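Common to both upcoming complexes is subunit A, partnered first by subunit B, then by subunit C.
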Partner chain A sequence: MGRYVLQRILEAIPLLLLVTVVTYFLMNITPGGPLAVYLHNPKVTPARLAILAKQLGLDQPWYTRYFLWLWALMRGNWGYSYFSGLPVMQLIGERLPNTLILMGAAFIISFGCGLPLGIYVARHQYSFQDHALSFLSFFAWAMPSFFFGLILQTVFAVKLGWLPASGMWSVYHQHTLWQLLRHLILPSVVLGLGSIASWSRFIRAGILEVIKEDFIRTARAKGLTERMVFVKHALKNALLPIITIIGLDLPSFFGGAVITEQIFSWPGMGRLFLDSLNERDYPVQMAGLLIGAILLIVGNLAADLAYGFLDPRVHYD
Partner chain B sequence: MIEFSQAPIDRSPWRFLMPWKIPFFVRLFRHRLALVGTLVLTIMVLGSICAPLLTKQNPETPNLFLTLSPPGPNHPLGTDDLGRDVWARLLYGGRISFLVGFGAMVIATTVGTLFGAISGYLGGIGDRLMMRFVDLLLSFPAIFLLLVVLNLTGGRASVLLMISYLGLFGWGGLARIVRAQVLSLKTLDLVSSARVAGCKPAYILFRHVLPSALAPVWVSAAFGVGGNMLAEAALDFLGFGLSPAIPSWGNMLSAAQDYIVTDPVMILAPGFAITIAVVAINFIGDGLRDALDPRSRIGMQRIG
Partner chain C sequence: MKKRFSVGLSAVLLSSVFGYVGEASAATGANSSVPLVQALGQNPDNLTPGMGSLAVDNGPMSLMNAPLIFLNLHDKWQGELATSWSQSANGLQYTFHINPKARWSNGTPITAADVVYTWHYYTNPKLQFAYVTGWNYVKDVTATGKDTVVFTLTRSYAPFLSTVASSDIVSQAAFSKVSTAQLNHGYFDSHPISSGPYILSNWVSDQALTFTPNPYWFGPKVHIQKIIYEIIPNSQTAFNEVLTQKLTMGAVPTEDLSQVSALAPNYNLIAPIQATYNQITPIEVGFLKDIRVRQALDFATPKAEIVKYIMHNQAIVAHGDQVPGGYFYDPNIPHRQYNLAVARKILLSDGFAPGPGGWLYKNGKKLQAPIWTGSTSHTDANIAQVVSASWEKIGVYAPVRTADWSFIFGAKGPQFNGQPECLLFSWGQGVFPDDTIDFNSKFIVTSATSPGENVEHYSSPFMDRLTLAGTSLTSRPARRQVYWAIQRLEQQTLPLIFLYWNKGDVAISKHLHGYQQTVFNTTPVWDWWID
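Now for the complex of A and B:
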C-alpha cells in the first residue's frame, strides 16, 4: 500500500513539471511578449527596451529562462505583479484562504444538503417526493450558476435586504464569525448548488444498489431494526464510491469559484485571476493557472488514495 | 420445419452509428423523461431555426427610443437595454447557442473517441505518451485554460473560434473513457482471432472494437451539448466569450446583469431558455445512460 502511494506521488511530479512548462509556454506566446506593457509608451525607446530586456534576463534562450523561472518558483519567488508591483506570493497569501473558505463552505452545504436528500429519495423511491426532487435536481444542475446567483442576490440582498450583497466583510460591521457567515451564505449556496443536485443523485443510486444486496437481507432477517440496517450496514457501504466522486468533484469548486467570486465580489483567487486577465498581469495569471492545476492534481491524487485506504476490498501491491 | 417470421436482425457493427436501427431506441423512449426531453428540445431547436417565421423583429437593430420597455404589442417580451426585441434575440440567439453546443460536442466527441481508441488499441509506449498528454490537458481547470487562451487571442471570439476552443479543450474525459472500453474489448477472443486471420490493426479497431465501445460516447455527447452551452454562457458572463454583437443566450444574460431590478424579463428569458434547454438535453442524456451504460459517471461535471 505504501508503495502504491509512493508510486502515485512520483507519477504526479512529472505531471506538475509538465504543467509548469505549459504555463510558461502560454505566458510567453502572448502578443507582444513579456514587455508588451511598455510597447505603447512613446517614451520607451527601443534602446531602453533592450536594456530592460537584458536586466530582466529576456535575451537568454527560452530553456535557460524556463529553468531559472522554475528554480525561483520552487524557492518561493513567484514574481511581482505587473499591475500592483506586489509580490505574487503575497497576493496569493491574501486571496487563497478566502477562496478555500468559500470552497469549504460550499462543500459543507453540498454534502449537508445532498446526503439527507439522497437518503430521503432513496428511502421513498418512486414516490411523488422522489420524482419531484429528482426533477428539481435536474433543474438545479442545468441552471447557469451565475443566473441563479444573480437572482439570489437580487431577491435576498436587494429586495429583501436580509443578507449582504457582496464582499467578505462589510465596512459597517465588526469582523465577527457571524458576519462572515452572513456574507458566506449566498456565495456558497450558489457554488454548491450543482453539487447538491449531482451528489444527491449519486447517493440515491448508490443506496438503491446496496439495498438489494444479500447482506442487507441477512441483517433484516437477523431482526435488526430498519434504522440499524440502514445506518450501520447500507449507508456505510453505499458511501464508499461516493467518497471518490466527491473527492474528484472538489477541485471543480475552484473553477466554479471564479464565477461566484465575480458575482459576489468575493476577494478570492478566482477574482484575482479574472482581474489579472483584464489587466494583462502575466505573473498573476501564471500563478493562478499553477495553483488551479496543483489543486486539481493533488485533489485527484488524494481522492484516489483515500478510496484505496477506505475500501478494504482494494489491495494495491 | 421452423419458420422464421421475423425480419433479419441487422448485425452490422455500424448499426451503433445509426441508433434508430437498434431495439434500444424503443427502450429509450419508454423512459418518459427522455421522451419529454426530446420533445422540448425539438420544439426549441425548430423554433430557433424557424426564427424568421416566429418574429418579424430584427434581433440586432438597436432602437434607442424604446430601451427597456416592458412586454407590449410589438415586443412580446419587451426590449433590452439597446432597444432590441428580446423575443427575437431569444430565437436568433438560440441558433447561436445550439450551434455552439452541438458544434463543440461534435469536435470533442470525434477527437476524444479517436484519441482514446487509438491510444487504447496501441498499448505500450504510445499509449502511455498519449495518456500523459490527456492527463496534462485534464490537469488544468477547464475554465482557467479557456479564459487564458481566449485572453491571448483578443478577449472576444467569433462563433467558429468559440466552437473550436470548447471542442478542443473538452475531449479529455471522453478519451479516457473510450480508452478504458477499448482496453477491455482488446482482450476478447474475437480480436485475437482477427489478428491471427491477418487483419490489419486499423481494420480490427474500426470494424470490430470501436462499434462496441461507443456506448459511453453517446451518453457523453448528449451531456456534452448541455455542458458546452453552459460553458459558453459562463464565458460570456465573465466577459471573455462571444462578441457582444452576436446574439446568444449567454450574451443576453451577461448584458442583462445591470437591469435585473428594473427589467427582470431581460434576464429571466434567456436564463430560463438555457435552463430548460439543458434540462431537456440532460433528460435525453439520462435516458441514454439508463439504456446504454447505467453505471457510468458521465455528464456530472460542468463549467459554471
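Now for the complex of A and C:
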C-alpha cells in the first residue's frame, strides 16, 4: 500500500508540472496582463508603468518568469501578489481554512442528506416518493447556485430574519462557534445541494444494481432482516462507485465555492481566486490553480485507497 | 419536569437560532457605542498611502489620514492638518502651517519634517506606487520651522490643492525605519499609523475592517466609537443586508428600486449625482473625423430614453464633462434633442446617400460606427444595443461588439486597428477637472502605453489652448470661464457623445445623523452620530 501511494505521488509530480506550464503559458497569452488595469487610467504614465513592470519582473519573457516562479516554489516561496504586494502564502493562509470549513460543511450536508435519500428512493423504487424525489433531485441539480443562494438569502435572511444573509461572523457579536454555525448554514446548503442531488441518484442506481445480485438473495434466504440486508450487504457494495465520484467531486467543491463565496461574502479561496483572475494577479492565480490540481490528485488517490479498503478484492501493491 | 425542561431548552435554542432579528435591533441602540456598519465591494488592496489603486480604499483611508486640506460640503478647501495656507502670486509656491496639536496615533507630533519626508516618500522610485499625481511638479519641499512647510513647484500647477495638498502625509519616524521591500509587501497594513480621526484596530481579510477613535486625534471629537466596513462583493447581497438593517447605510441597486418602500420605516433615501458619466467615444478615423457625422450621431442618440428605461431615472442626461451642480459646470450649454429626421438630414446634406443594405455611403464607402463595450457590464451592453438600433435607423451601420475591457483598451483592441470604432464606457470627473489628458492633441494615444487619454484622437487648436489654460491659471473664477468655454466647444465639436451622469441611490439609517453627501464629498466623520 505504501509503495502504491508513493508511486502515485511520484506520478503526480510531472502531471502537476505540466499543469503549471500550460496554465502559466495560457495566462500570459490572455489579453491584458497585471498592469492592464492601469492602461485606462490617465494618472498612470508610461514611465510609471515601465517602473512597475520592472519592479514586478513583468519585463521578462514568460518562460523566464515561469522558471523563476518554479524555482522559488521549490524553495517554499509562493511569491507576492502583484496587486496587494502581500505574500501569496499569507493570502492563502488567511482564506484556505475558511474554504475548508465551508467545503467540510457542504460535504457533510451532501453525504448526510444524499446517502439516506438515495437509500430511501432505492427502497421505494417507482413509488410516488421515488418519482417526486427524483424530480426534485434533477431540479436541484439544474438550479444555478447563485440563483438558489439569492433565493435562500431573501427568504431566510430578509423575509424571515432567521439566519444571517452573509459573512462568516457577526460584526455585532463575539465570535463563537454558534455564530459560525449560523453563518454556515445557507452557504453550505447551496454548495452541497448539487451534490445531494447527484450523489443520491448514484446511490440509488448503485443499490438497485446490487440488490439484484445473488448474494443479496442468499442473505434474505438466510433470514436476515431487510434492514440488515440493506445496510450490511447492499449498501457497502453500492457505495463503491460513489467513493470514486466523491473523490472527483472534491475539487468541484473548491471551485463551486467561488460563486457561493461571492453571494454569501464567505472569505474563502474562491473569492481570492476570482479576484486574481480579474486582476491578472499571476502569482495568486498559479497558487489557486496548483491547489485545485493537487486537490484533484489527492481526491483521486483518496478515492482509490478507500476503494481498496472497502473492497477486499482490490489490492494495491 | 422533563417536558418543562424540553420546552425551556427549545425556547433557548430557538431564540439563539432566530435571535438574528435582535441583532439588527441592537445595531440601532440609543448610544454612541452602536457601530456604524458599511459595505465595501471588495477587500482594499493596500492601505499604505499612495499604494492603493481601488476606489474602495478611499473610505478607510479618509478615516485614517488627515491630509493638509480637504474639500468640504460646500466644495471649498478647508484645513485639516494645516491650520492655514497661502499661495504665491505666480502660483509656484504654497506655504502650509501645520496644526501644532497634530499627533500621530502613537502620540508623537506631526511636524513639517513629516511633510518633507512625505515628498521623498512619494518620489521614491523603488516604491510600487501606481500613480503619484502632481508630485512630479514639486521641485522642492522645505520646512521653514517646526510647523511651517513650503512647496516649490516646477511650474504653476492649478490642480496642486486637489492632488498634492490632498495627499496623505506619512510619518518620518515610522516609515524611515522600514525598508522599501517591507513597504511594498504590506508592512504598513499590519502596522498602521494614523493621523486621522480613527485608527485601524482590526482587519480580517475579505471580512471586515474595524476602526476605533484615534486617542491622539487633534480635530473635533468623534461621536461614533466604532466604524466597520464589511466586505460584501455582491451588490444584491449588500442590498439584502440593508433590508435586514445590518448596514447603517448602503447602495440601492437600480434593479431593486421597486423595493425602496420596504426601506422607508428605517431608512432615508438620498440620490446624489455621482461624478461619473457614461459616454460614447467615437475614434476619429474615416468618417468619424467629420464633425457633422458626430453631430448627426448625437442627434440620433436617445439619451432621455436610456435614462428612463434602462437607468430607471437613476441618472440625468449629460451634455458635457462637468458634473451638474459642480463649480465648473455651465448650466447654459445648449442641448441636442433626440431627432432622427434632423440626424439623417445632416448626413444627407454632408454628401452621404443610401446604398446597399439600406446603409449610407459616401465615395463608395459605408458609414459605419461599431460600438464596443465591456462584456461584464450588462447595463452598458443594453445601452449599446439601444444606441445601435437608433443609429441604424438613420443608415449608420453600428453593430455592437462586447469584449473584456483589457482587450478593448489593450494593444490589439479597437483603438489601434485603424478603423472607425466607438467605445462605450464610464468615465469619472475629479474635484478639479483636468481636460488636458482627455482632449489635448498632445495626449492622443498612439499605443496602449501612451500617456493621456485622448482615445478619440480629437485635435483642435482651440481646445489645446483652453485645456492648457485650465491647468495653469491660478484664479478659480478664471479657470471657471475656461471650462465653460471647453464645454461649449465640446457641444459644438463633440469629441465625445455624452450620455448621462450617474445618480447613486443610497439608503441611510434614520438613526444616523449629521451625514450629508454631495457629488465629491460627505460631511466630515466627526459630524456623524447615531442615536
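As a convention for this text, the second predicted complex is superposed on the first by the 266 of 317 C-alpha atoms of A that agree within 3 Å, B and C clash if a C-alpha of one lies under 4 Å from a C-alpha of the other, contacts with A are read in each partner's own complex, and residues count from 1 in each chain.
In this text, a contact is a pair of C-beta atoms (placed from the backbone, for glycine too) under 8 Å apart; a residue touches a chain by one contact, two chains touch by 3 or more.
All of these numbers come straight from a predicted model, not from anything done at the bench.
When the two structures are aligned on the shared chain, A:Pro31 is found in touch with subunit B and with subunit C.
Of the two partner chains placed around the shared chain by superposition, subunit B is the only one that A:Leu18 touches, whereas subunit C remains out of contact. Of the two partners, subunit B and subunit C, it is C that touches more residues of subunit A.
In the superposition on chain A, contact is made by A:Gln262 with both subunit B and subunit C. Looking at the shared chain after the overlay, A:Ile51 reaches subunit C, while subunit B stays out of its contact range. By the touch criterion defined above, A:Pro312 lies against neither subunit B nor subunit C after alignment on the C-alpha atoms of chain A. Of the two partner chains placed around the shared chain by superposition, neither subunit B nor subunit C is touched by A:Gly76. In the superposition on chain A, contact is made by A:Trp162 with subunit C only, not with subunit B.
In the superposition on chain A, A:Leu86 makes contact with subunit C only, not with subunit B.
Contact with neither subunit B nor subunit C is seen for A:Pro61 once the two complexes are overlaid on the shared chain. When the two complexes are superposed on chain A, the residues of subunit A that touch both subunit B and subunit C are 31, 150, 154, 158, 262. On subunit A, the positions that touch subunit C within their shared complex are 31-33, 36-46, 48-52, 55-56, 80, 83-87, 91, 94-95, 150, 153-154, 157-158, 161-173, 178, 182, 262-265, 267-268, 271-272, 275, 280.
By the touch criterion given at the top, residues 16-18, 20-21, 23-24, 26-27, 35, 37, 42-43, 45-46, 51, 53, 125-126, 128-133, 184-186, 189, 204-208, 210, 228, 230-234, 236-237, 240-241, 243-244, 246, 404-407, 409-410, 412-413, 437-438, 443, 448-453 of subunit C touch subunit A in their complex. Considering their complex, residues 15, 18-19, 22, 26, 29-31, 138-139, 141-147, 150-151, 154, 158-159, 194, 198, 202, 245, 249, 251-252, 254-256, 258-259, 262, 273-274, 277-278, 285, 288-289, 292-293, 295-297 of subunit A touch subunit B. On the subunit B side of its complex with subunit A, the touching residues are 132, 135-136, 138-145, 147-149, 151-152, 226, 230, 233-234, 237-240, 253, 257, 260-261, 267, 271, 274-276, 278-279, 281-283, 286, 297, 300-304.
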